[in-house]
Amino acid sequence: MSKTVVYEVNVMFGDCDPAGIVFFPNFAKWMDASSLNFFIQSGVPPWRELVKTTGIIGTPLLEINTKFLRPATYGETLQIHTSIEEWRDKVFVHRHLIKRGDELLCEGTEVRAFCMRLPDSDRIKAIPVPADIKALCC
Amino acid sequence: MSKTVVYEVNVMFGDCDPAGIVFFPNFAKWMDASSLNFFIQSGVPPWRELVKTTGIIGTPLLEINTKFLRPATYGETLQIHTSIEEWRDKVFVHRHLIKRGDELLCEGTEVRAFCMRLPDSDRIKAIPVPADIKALCC
Amino acid sequence: MSKTVVYEVNVMFGDCDPAGIVFFPNFAKWMDASSLNFFIQSGVPPWRELVKTTGIIGTPLLEINTKFLRPATYGETLQIHTSIEEWRDKVFVHRHLIKRGDELLCEGTEVRAFCMRLPDSDRIKAIPVPADIKALCC
Amino acid sequence: MSKTVVYEVNVMFGDCDPAGIVFFPNFAKWMDASSLNFFIQSGVPPWRELVKTTGIIGTPLLEINTKFLRPATYGETLQIHTSIEEWRDKVFVHRHLIKRGDELLCEGTEVRAFCMRLPDSDRIKAIPVPADIKALCC
């Protein structure tokens, strides 16, 4: 069984749309925050520190698949249950379950890669999953 | 061949993250805007008008799958090419290609349903795709 | 001394801009959330409930003045200290201090009015501050 | 008379809140985008270029004062009319008028400073307004 880290979010009025429910891209924002929190809680430094020692700028997203089961609204507290479903050579697969207590609202699967900035360039490239980071997360 | 409607977006500084590139949930926000624009350009009234005559509040998202191929940054102009890939009885499938001129940056597939608010309730329910709206969009 | 209610926010990666610091409109979003939280904690129902019994849709903003003293970044926890500085006949003045522990990052003053939707219209109008709501907040 | 540069924005569904109107922090986001556009249109390179040659990371905000006169909603096109009201030694004052055609919706005044990153540090400091940038903007 893989480790699961839970990140809590309070839904704000400004997260909701004219239908009165969470505007769906905010679920993606919260999965992103929960992904970063997963690494921080596992002992990985924040990206702004890690880039100085390793050149790694973070884990840009390659793909995200999301299903929406129930809406949420402002004033509610949600929990994002985040784990790593699979480690491949160059990418890893995140699994996020967004819940309101026992109710499942949204489930998402992200494919991400660790990336570095190319020297003297604005471009970034994917690198193999660093073994030390992987070890921290298992 | 299905109709394609193009929606243009100017990327703002505030759309970008500490890595200097578009924060990915904004691509979802822009697909949502392009979906609405698709209906408006096809002759469907905005949701705030439609709800008064039909009770339809819009087309909430059931599922979205997105692939990210290249990043974008502020100051760039992007085009979202939006079409309807498939009409089913109760849902339809949107296809969005986000391009910067000829370059494909991101592709997304959305499953959406037309929804109404239940009488005397905050709850909403999916309804069969309205034939008149479908006719406008083909 | 007026009542102060504290609302806590965890700064997310997606709240930050290419300079690596909180994109300033997010401070306004958090002040708005803290304003709503102030009323909820004082016993006022959420706007979506209040509108059904009173027609009041919330407290739209008339004016906001904000000073930025220090930046914040993702991974940090901030506290928004919110009070009501002044009640006038038709408006009230909110005071928000955004802190990171003892450090003051940002201070904001908002002028807001309670508003109702005009019957059979999309337009809204300001109403005198409701005495029962004011009583709850003091 | 100072130069005025106009930046156009299409209001998206996701820019609006449960009251069906633009969530006010988005006006601040658009003023920020219009400020950057003002400099770009005046011939100043984007911040990500300027930082490489001069160390200047942009023009962080020190203060913003905003008045809201009329709401806006999705599907509308707004114009942000941006000028520089005053140049002081270390700061400058931006003036933004957000209009929908002839109607004034929102007016904002920003105090900003050009800033550099301190060597070997995450901290930034304000610098005197660069004479060459000022010359481009008049």
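We call the chains A, B, C and D, going by the order they appear; numbering starts again at 1 in every chain.
Note that a residue touches a chain if its C-beta (ideal position, glycine included) is under 8 Å from a C-beta of that chain, and two chains touch if they have at least 3 such contacts.
None of the values given here were measured: they were computed from a predicted structure.
Enquirer: Hey, which pair has more contacts between C-betas, B-C or A-C?
Expert: Between the two chain pairs, A-C has more contacting C-beta pairs.
Enquirer: Could you classify the subunit C-subunit D contact as same or different, where same means more than half of all interface residue numbers appear on both copies?
Expert: Here the answer is same, because the shared fraction of interface numbers exceeds one half.
Enquirer: Averaging only over C-alpha atoms, locate the centres of subunit B and subunit C and give their separation in whole Å.
Expert: 31
Enquirer: Taking each chain's centre as the mean of its CA atoms, how far is subunit C from subunit D in angstrom?
Expert: About 23 Å, centre to centre.
Enquirer: Take the average of all CA coordinates in subunit A, do the same for subunit C, and state the distance between these two points in whole angstrom.
Expert: That gives a centre separation of 28 Å.
Enquirer: Return the residues of subunit A touching two or more other chains; collapse runs of consecutive numbers into ranges.
Expert: If we look for residues of subunit A contacting two or more partner chains, we find 13-14, 18-20, 23, 25, 29, 32, 47-48, 58, 73-74, 122.
Enquirer: Give the list of subunit A residues in touch with subunit C in this complex.
Expert: Per the stated touch rule, the residues are 10, 12-14, 20, 29-30, 32-33, 36, 40, 46-48, 58, 73-75.
Enquirer: Can you tell me which positions in subunit A touch subunit B when the two form their complex?
Expert: Result: residues 18-21, 23-26, 28-29, 32, 47-48, 57-58, 60-68, 71, 122, 124 of subunit A touch subunit B.
Enquirer: Over in the complex, which subunit D residues touch subunit A? Could you list them?
Expert: Going by the criterion above, the answer is residues 13-14, 16-20, 23, 25, 48, 73-74, 122.
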